[in-house]
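Here come two complexes built around chain A, the first alongside chain B, the second alongside chain C.
Right, the complex of A and B next:
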C-alpha cells in the first residue's frame, strides 16, 4: 500500500502476544508538541513529514504501527498481527508518468533547501545563454543519463534508544552523524530546553549521509519511551532502512553541450528530472558540477520535480557531485571521442583557471598535476584511442579516465583541550566517529601542538555534553573541527608557557616564550632541557589541570552561497575545491556480457593530508563506491505497487572483494593557505566522484558502446541496447 | 518470525515419526534457507525438527564407480573431499562457486537441493506471489524479473531454480534417496524438481513427511571431465544469471565420445539438455554446426520476459565456453 488511508485498525491479537508492553497506531501514538519546519538554520531534518499522526498513507514503508515488547522477537511478531483495513488508491511513482500526484507534469522549484551545511541553492542556474551558445557549436552532444535509485546501506542499522531521566530530561543514544543536530531537533520537537536533552553516539558503523538528519524514528522512540514510562530501543530492520532514512533518488539528466572544433566548450543545458514527496521539494543538485568544473561560458540548468508516493530522498556521499560529475565527465569523454582529442587534452583545453562562478581565484588547485601524475602512474600513454582495439584472449580491454572534484564545506566548530598534572592531555568535542578516524585526528593534532606522544592524548567524543562539533558530513569535519582543536591546543600551549615565564619564582620566569618548546611533557629553552615540566608548572600554580577552548569560525560555508545573508556576507571570495583524476581499466567478456574492473588509479590534491592511512582508506572506500555506482547499485521500484522490491543486501548488489581491484591512491602535496589554519580540504567525499564516468568510458573503449543507464549491466552489452554518440 | 517449537530427534526413525505426526513441521539442517524465510515471514512452520543430531547422515563415500553423499554433509566438506575434487571436479566447482565460505560451512546438501527461488516477490510478503500464497497472482511476470527463468515457466510462475549443486547433479545423472511414510525410494535428480505449471508452490516430488537421506552419482570418464561455469554480474557471492554444467569424454583425437549438459539460473528447475550426448558424439567442441545445434536445442522454447532476454545469448555463449574449456583441459591432460 503506497497510497490511500487506513480504514480500521485492530490491535487485539498483537496486544495478546506474551511480552508485549504497548501497541501504538496512528490513533494512539502520542503527538509531538511541535512539528519539523523547513528551513531551519540550526536543525537538519530528514523530512518534515510526521508519520503516525493520522491515517493517510503517502508511501510504501510509512510507519503505521509500533510495538514495544520485552524482546525484539515478540515485538516483531506482534507487529505482524496488527490487523489493518485500507482504502487503497493507485500510487504514482516513477519518472515516466505524464502527470504527477498533484495532477501536473511536474514543477520547477525556485530554490532548493539542502539543510544548514549547504543552505539554499537556486533551482535554476543561468550563465550567459547556454541554449543560444549551442547554435554556434561545431560539435554538439545530446543525451539522457538515467541514474538508478541508490541506498546508503551502512553496515550498522539505524537505531535510537530513548531514556527519560525525569519528566523533562531525555537521553538519546542514537546512530548519529551529528549529536548536536539530534539534540537540537529532539529538544525543539519535544518542547524541551536544549540542555535537557543529551545525545550520545561515540562510534557509528557507517553513515554516508543517512544518519545526519533527524528522522522520525528518533522522536517516535522518545515519544514511546515517555508513554511507556521506561527506556525504549528502536532498531530499524534492513528493509525499513530503505524507506526510513532517505536514499539517492532516481534521476534522469538531460544534457546538451557544445564545443568548437578545437574542443573549447561553448555552452550547455542541463535538465534534471526526479521525484519528491507530496509535502516537500527535495532535489539533489546534480547540475552543480557544471557550474564550477570547467571554463564553460554559457550554462542553463533546470530541475523538474514530480510529486510522487515516496518518502524524501536525502544526502548521500558527495551529494550533487556524485551524479553530476558522472554526466559531466561522460560528456567530456564523448566529446573527446567525437573530436578525436585525447580526453586529458580536452580537459586541459577547458581548464578553469579561475573559479567560474564569480571569476575569483581558487584557494588552491593542482588539477593539471593530478592528470599528469595519474596518467604516468596508470600508463595512460599505452591506451590506443580506437575503441575495441585492445584485446586479451576472449576479453576486450578498455581504459577510461575522468576528473574528480568536491566542494570544500566549512562549518563552525569548537573543541576543548585539557592537560593534567599526570602528563595526560584530553581533547574533547561532541563529534562522532563514523569510521573516519575522528578520535585519531583529534589526538594527532593535539599531540603535535603540545609536543606529546600520541599515547599521552585521549579523545572524548560523541556526546552533546562536550564542546559542540559540526556534522560529520561534507568532508568537512576534519578541516573544521581539526582547526578548532588546533586553536584550543595552541592557546593551551601559550597559557602553559605564560605560566612558566610569567610566574615569579618560576625557574623560567622572564624567559621569552618564543624560545621555549614543549617536548614529551618537558619544557625546552633554545632546544635544551630546562629541567622544568608542564606538570611542574601546573603544580606550582596550584592547578591539577588546565583547559583551553578553541573555535573555528569559517565566516561562510565554503564557496557555496548558503542563501543566509549573515553567513554569505562573511564569505571570502575564493573558489574552494578538492580536485583529482581517476583512471580505470576494465576487461569485458563480450560473449557473456561481463564487465570486470582490473585497475583503478586515482591522484588527488585535497589540501594537507593529516593522516595518510586514514585518507587513503577514505579514498579507497569512495572509489569502490563509485565503481559500485557504475556497475552494481540499483534499488528497483515496482511502479504498480509503489514499493521497492530488493530491500536487502542479498538483492541490492554491492561489489564483493573479488570485484575490487587494487586501488592505487596518490595524494599530491597541496598546501592551501586560505581554507583554514590546518590547510585541510577533506577527503571523505571526493573519492566517489568521477569513477563511474571513467568506468563507463573504459567500457566504451573496450566495446564501442556508449552506455548512459546506470548501473551498466551485462544486459546492455548483450541486448544491443546501446546509444551511439548522437551528433546533432 | 512466528513462535515455533523445536525438537531434536536422535534417530532417523524418530525424525520421520515426528514429521508424519506434524505435517506442517519442517526439517532443520543448516537453516540457511529455512531460517531466512521464517524471518521474512515467507514460511511459518509451527515446529522445526532439527536433524543435525542424527548420526550417519553426513558421510561422504566414493566406491565402485559411485559417489554417495549424505544429505547432511556440508557443502564445504563435499566440495573439498578428495574423491569429489579429483573424480567429479565439476561437482566440487558447483559447490565452491555457491554462496560464501560461512554459508557453505553451515549449509547441507539436502537443504541445498531444497533451496527456494530468489524471486523478489516471493521473498517479500507485501507482494502477490502464487508460489508463496497460491492464487494471489504472480508479481514478477510483469514486474522486476531480470533474474528469473526463460525456460520451463508457466503463466502462474516464472521463478528460476537458483541453486548450483543440483545443476551438476542433474548433468551427471545423479540420484536422490528419500525415506518417509511410504518407505525408502530413489529418484533421478533430473525428475526430483517439478515444473511450476499451475501449482508453483509444489516444487519437488518430496512427499509430506519425506526426508532426503543421501545423494549419489556415477563416477567415471564423464564426471572426471566435468566443469561448472557460473555466470553472474559480480565475481563472487551471487546466484547465477546463467550456469552451465558440462561433462565430456574425449577420444584421443579430440572428438567427443559422450557428453552431458544441464543449465542453471535460467530455468524453473535444473534444466537437462538431453540432446547433448547425441549432438556432440563424434564431434569436436569447436565444430560450429554441432555446437550451434546444441545451443539451439538448449534454449529451445525459451520465453523471455521484459527483463531477462539477455539470458538467452548469455546461455548460448556459456555453453560454447564450457565445452571449449573442457577440450583444453582434456588436451592438456593428454599432452
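Right, the complex of A and C next:
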C-alpha cells in the first residue's frame, strides 16, 4: 500500500516466536531526539522523512515494523506474523497525472538543494534571449525524452551494525561512502556530541551514490540497539533497497533546440518533469549540461515537480550529467542528421572555446582531440551516413557517437602521513573505498613523495577516528584527498630533511635541503648515497615516528566570489570539466528487434591519470553503465498500487558478462595546473555520460528509427510506433 | 555418486526447530545448528563465520554467493544447508594454499584488476575455478558450436568465457578484465598445450 494509514497493529504472534528479542512498530519505536532538516551544510540526508514515527503511509515500501531476533530466520519469520489493518487510499504516482498529491498540476522550485557537494542550483535558468532565440532558427527540433526510473543496485546490500559502547557512545559499522557524514548525521539525530560517534567503513561493496547520504535504516538500527541494550545488525534485502536508499527518478525531458542552416546552435528550451515526495523537493539537474557543453547563446530551462506517493530519489552516478548529456547528445545527433552534417563536425561548429556559464577560460580542455583520436581508433570514417545502409548478412549495423563530460568537483580534505624508524610509512584518512582504489592512490602518492617502494607504505582508511576525508562522490575523492595526502607527505619530507640538515652533529648538518633526495629510505645528496637513512635521522632526533598533516582546501585555489564556499568551489574562476568522446557500434536483428552493442570506443581527457589500470577500470565500468542506461535499466511502477514491480536482480536488468563488448578506453595527456596540486580531474563519473546517446544514434543509424524512450527495448523496434525527428 | 540414504533424523516439520548437522567446509568438518530452512549461504556466514561468501540478492540472480560442492559451482543462497551435508564445500577462504599462496585464479584477478569494489569477486572466482573444471570435463555451453564435437577441454575463447561467467553479475562492470584473468589461467593450465 502506497497511501493511507495503519488502523490496527497486532504483534502478539510475532513476539511469541522463539528467539525474538523485540518487535517495534510505529507505536513502539523509540523517537529520535532530533529530526533531519534540509538544507544542512554539514550533513547530507537521503531524505528528511522519518519512518516508524507515526501511522501514516506515504509510499509503498515504507518501514512499518522491525523485529530483533537471535537469528535471521526467527526475525524473518516473526516479521511475517505482525498483523496490520490499513485504511488505504488511491496512490498518486507516475508522470501522466493531471493533478498531484497536493491537488496541483505540479510546482516549479525556485532553487534546488543538492547537498553539500554541489549546494544550491537555481530551479530555472535563462541565458540570452531564452526561448525567443528559437524564433530565428532555420532548423528546429522538438521532442520529449522519457527516461526510466533507475536504481543503483550496488552488489553489496545496504547494512548498519549499531553498537552502543556506553549510554552515550555509539559505534556504527555502515555501508557508507562517507563515514564523517554518517557520524555527523547520527550525532545530530541522536543528540550526541560528534566525538561520541564512531563510524567504520573501510571497504564498501559499491555505492554509486546510494550509500553517501544518511538514510533511515542507520538511525533505526541505532535506536533499536539502544532500546534492546545490545548490538543490532540491520541488513536491507535487495527488494527493500528499492525504496530505502534512493533511485534516479523517472523523468520526461522536453527539449526544443534550434540552429542556423549552417548548424550553429541558436538556443534551446529544456523542461524537466519528475516526481518528488510530499515532504520535500528532489530533482537532479538534468538541464545542467546544456549550460556548459556547447556554445549555446540562448537557453531557458524549467523543472516541474509532482508531489507523489514515492520515497525520495537521490544522487546516482553522474547526477544531472547522465540524463542531461543523454538528451543533449541525442539532440545533437538528430540535428546533424537533419542538416546532413557529420555529427562530429556539428559538435566542432558549436565547440565552447570558453566556459559558457561566465565566459571565463577553461582550466584545460582537449575535447577536439578526443573527437579526432576517437574517430581514428573507432574507424568513424568507414560509417556511411545514410541510415540502414550498413549491413552484415541479415543484421543491420549502426554507428553513433557522442561527447562526454563531467563537472570537476573539489571538496575539503585532510590526510596524515607518518614515517617510522622501521622504514614503514602510513597514510591515514577517514575515506572509504567503494571500489575506486582509495588505499592504492593514497599509498602511491605517499610512496612517490617519500621516495619509498609501494610495499613500504600502508593506508589506514574508513574510520572517523582518522583525519577527515570528503564524501566519495562526484569523481572528487582522488583529486581532493590525493591533494591532501600530497601536502602531508611533502611537509613530512621537508621535516625529515630539515632534521637531517639542521641538527648539529648530523652528518648532513648544513647541507642544502634542495640537493637532497629520498630514495628507498636512504638520503641522497646530489644523487649520491650519503650513508644516511630516514630511520637514522629519526633515531638521532630521539623519535620513533614522525607525522605531518596535510589539507586540501579548494577555497584557496581561486578567488572567493560569492562568500558561499560550495558555490565558489563549483564556480571557480575557470571552467573545470573532464571531457571525452564515445563511439558505439550496434548490430540489430531486424526480425527480433534485438540490439547487440559490438564495440565501444572512448577517448578521454581527465587531467592527470594517477593509476592507468584503476582509471581504465573506472571508465570501463562507467561506459557499461551508459550502455545499461541505453538498453537495460528500468524499474517498473504499477500505478494502481504505487509499487515497483521488479525489485530484484532477475527482473531489473543490468548487463551480464556476455552483453558487454570489448571497451576500448584511451586517456589523452591533459595537464591542468588549475584544478588542484595533483592535476587530477577524476574519472568515476564521466564514463556513463554520452554513451546512451551514442548507442541511440547507432540504433537510428542501423534501423532508421529515432527512439526517445529509454531504455530502448526490442519491442520499440518491432512496433510501428515510429518516432521521427520533427522539423517545424 | 552414492545416493543419499533416507535420513529420518532430518524429517522435521517445525520450521523453527534447530537441527544439528555436520558440514565439511574447506576440508574441515564443522558442526552447526541450523533451522531446516537455513540456506547454505546463511549457515556459512552467520553460523560458521565464513563471510567471504557474499549475499547480493538472496534470490539466485546475482552469483555473489557461488561456492563449490564437490567441485561443482552452486548458488549457496538457493541451497539449503541441510542438503549440503553430504558434500565437500569449498568457499573462497579455502582456495589459497595453507601457506597463504593465492590460487592462480585469485592472483590473475588481482593482476588484471578484474574487480573494483570486490563484492562480487569471491563468487566470480569460485565460478571461474568451476568453469575450468567444466571445460576440462568437455561440457559445452550455450556459446559452444553444436556442430563441434568437444573432446577434452572445451575451447575457452572470449565468447565462451563470457557466456560461462554470465551467471555472476558485476555492477562495477569489470567484465573485460574478468575475461582476461580467466583466459590467462585457462591458457596456463590447458592440458592440451605442450
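The definition used in the following text is that the second predicted complex is superposed on the first by the 713 of 728 C-alpha atoms of A that agree within 3 Å, B and C clash if a C-alpha of one lies under 4 Å from a C-alpha of the other, contacts with A are read in each partner's own complex, and residues count from 1 in each chain.
Following the convention adopted for this analysis, a contact is a pair of C-beta atoms (placed from the backbone, for glycine too) under 8 Å apart; a residue touches a chain by one contact, two chains touch by 3 or more.
Since this is a predicted model, take the numbers as computed values, not measurements.
K.L.:
What is the contact status of A:656 with respect to chain B (first) and chain C (second): first, second, both, or neither?
P.N.:
Touch status of A:656: both partners.
K.L.:
Looking at the overlay, does A:632 come into contact with chain B only (first), chain C only (second), both, or neither?
P.N.:
first
K.L.:
Between chain B (first) and chain C (second), which does A:107 come into contact with in this model arrangement: first, second, both, or neither?
P.N.:
neither
K.L.:
Given the touch rule stated above, what does A:436 touch, chain B (first), chain C (second), both, or neither?
P.N.:
In the superposed model, A:436 contacts chain C only, not chain B.
K.L.:
Thinking of the overlay built on chain A, is A:591 touched by chain B (first), by chain C (second), by both, or by neither?
P.N.:
first
K.L.:
Counting residues of chain A touched by each partner, does chain B or chain C come out ahead?
P.N.:
Between chain B and chain C, the winner on chain A residue contacts is C.
K.L.:
Tell me which partner A:718 touches in the superposition: chain B (first), chain C (second), both or neither.
P.N.:
It touches chain B, and chain C stays clear.
K.L.:
Touching A:169 in the superposition: chain B (first), chain C (second), both, neither?
P.N.:
Neither chain B nor chain C is touched by A:169.
K.L.:
Which of the two partners, first being chain B and second being chain C, lies in contact with A:646: first, second, both, or neither?
P.N.:
In the superposed model, A:646 contacts chain B only, not chain C.
K.L.:
Using the touch definition from the top, say if A:73 reaches chain B (first), chain C (second), both or neither.
P.N.:
Both partners, chain B and chain C.
K.L.:
Across the two complexes, find the residues of chain A that touch chain B and also touch chain C.
P.N.:
Of chain A, residues 73, 77, 648, 650, 655-659 contact chain B in one complex and chain C in the other.
K.L.:
For chain A, which residues count as touching chain B in their complex?
P.N.:
Those residues of chain A that touch chain B are 60, 73, 76-77, 80, 239, 394, 591-594, 596, 631-632, 636, 638, 640-641, 643, 645-648, 650-651, 653, 655-659, 713-715, 718-719.
K.L.:
Where on chain A is chain C touching in the complex?
P.N.:
Touch residues, chain A against chain C: 17-19, 71-74, 77, 153-157, 203-206, 208, 235, 237-238, 434-436, 613-614, 616-618, 620-621, 624-625, 648-650, 654-660, 662-663.
K.L.:
Which residues of chain B touch chain A in the complex?
P.N.:
1-3, 41, 118, 120-121, 123-124, 126-127, 139, 142-144, 146, 231, 233-238, 241, 307, 309-310, 313-314, 317-318, 320-321
K.L.:
Can you list the chain C residues touching chain A in their complex?
P.N.:
Residues in contact with chain A: 15-16, 35, 37-38, 42, 46, 54-62, 64, 113, 115-120, 143, 159, 161-163, 165-179.
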